[in-house]
Amino acid sequence: MILGKVIGSIWCTQKEDGMKQLKLLIIEPITWEGGSIGQPIIAADRIGAGQGERVIISRGSPARTMFNKDAPIDAVVVGIVDSLEVGEEH
Amino acid sequence: MILGKVIGSIWCTQKEDGMKQLKLLIIEPITWEGGSIGQPIIAADRIGAGQGERVIISRGSPARTMFNKDAPIDAVVVGIVDSLEVGEEH
Amino acid sequence: MILGKVIGSIWCTQKEDGMKQLKLLIIEPITWEGGSIGQPIIAADRIGAGQGERVIISRGSPARTMFNKDAPIDAVVVGIVDSLEVGEEH
Amino acid sequence: MILGKVIGSIWCTQKEDGMKQLKLLIIEPITWEGGSIGQPIIAADRIGAGQGERVIISRGSPARTMFNKDAPIDAVVVGIVDSLEVGEEH
Amino acid sequence: MILGKVIGSIWCTQKEDGMKQLKLLIIEPITWEGGSIGQPIIAADRIGAGQGERVIISRGSPARTMFNKDAPIDAVVVGIVDSLEVGEEH
């Protein structure tokens, strides 16, 4: 999984049937200190992540398994981060 | 998923059986402000995305699940973007 | 999927059983204008792609589904390109 | 798989049901000489890896197969490294 | 698949059950001319690849399918290279 920050939302009317009723967020990958790294990704969210929150994103096939067979989801918010702790030497 | 823009089409006569009757688009990954990022990818499209439109692309195994077992599709257009909203600080 | 060019072939005597009787090509990822991008990959070919031809490559799990359960194939030639068309502004 | 070092931990209260009771570690990818390479990833750990230990990380669908169908895990600690040996010319 | 060279071995006592009795090699991705490219990966080997040999590596879900459901393998040696041939213009 990777660490990210919710920076926005995205909407589509015309879409694959398996994408219906899914909330899609724009996520910016970040370091544990909060700096932006890499390109934003679009992830489905079922747990209510809000603008600016730090989240954990799972990608690829593991992100799809929770959904119906016809939902072509390759990234999902799996947790909203309460806290993280990194060793002193970093 | 990633954000992209339809920039062209591609055709093959000789192909794997599972690729028959599929429309293949050339997609340029873009930022939410529209700038080009990374190398173009080729994605299957079943929802009628047109030249120049912004689309959401799903990749990998989740892109294949909607198709028959013998369709080796690793990228698909899953939505045509109506609008997106990114927080002010970005 | 990505666009590539067939630049060579590769042979192994000692291999996993699932790799037997497979033709393996060396593919150079290219832009639509033909320029080389990124590192070559090795892909299985069942449709007879020839040296120098432009091909479409599918990767990951979708590349394996067409083969037997014991064939550890993660890249396959899915089409030989006849033509492609990219919008004027690119 | 890749080589990494455990550099921290991360906690979420609000999460997908399949993520419950999983210990999540922050892993820094490293070279065999211990230098940091690439961005940290978040991996599930069931074998008790400790802060500062070198571990092997498996990613993608293979990381999920050991878990329940509803656990969207895309990275897991699969071994704690005892030793490694690299040829002299490297 | 990608081309690599066996540069070492790695051992773990504490590991996921599905990793038992697997030989793990350290593989350096190389170009067809033998130059090092990218970061080393750790791959399972069942075909007896030796130090310094050129091998073909398959990654992701296709690398896992040959193993038991509980083996979280995301990279495997699928062939030991006898020879490869690349067109003159490269």
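The letters A, B, C, D and E name the chains in turn, as written, and every chain counts its residues from 1.
Quick note on the criterion: contacts are C-beta pairs under 8 Å (C-beta built on N, C-alpha and C of every residue); 3 or more make two chains touch, one makes a residue touch a chain.
What you see is a predicted model; the values in this text were computed from it and never measured.
Participant: Quick check on the contact network: minimum steps from chain C to chain E?
Facilitator: Step count on the best path from chain C to chain E: 1.
Participant: Kindly list the shared contact partners of chain C and chain D, in label order.
Facilitator: E
Participant: Express in whole angstrom the distance between the two chain centres, defined as the mean CA positions of chain A and chain E.
Facilitator: Distance between chain centres, rounded to whole Å: 31 Å.
Participant: Centre to centre, by mean C-alpha position, how many angstrom separate chain A and chain D?
Facilitator: Going by mean C-alpha positions, chain A sits 19 Å from chain D.
Participant: Which chain C residues sit where two or more other chains touch them?
Facilitator: Answer for chain C, listing residues that touch two or more other chains: 60-61, 63.
Participant: Could you list the chains in ring order, beginning with chain C and heading to chain E next?
Facilitator: C, E, D, A, B
Participant: So in the complex, which bits of chain E are touching chain C?
Facilitator: Residues in contact with chain C: 1-3, 29, 31-32, 37-38, 46-48, 56, 58-63, 65-66, 76-87, 90.
Participant: In the complex formed with chain B, which residues of chain A make contact?
Facilitator: Per the stated touch rule, the residues are 7-16, 18-19, 24, 26, 28, 39-43, 51-52, 60-61, 63-64, 69-75.
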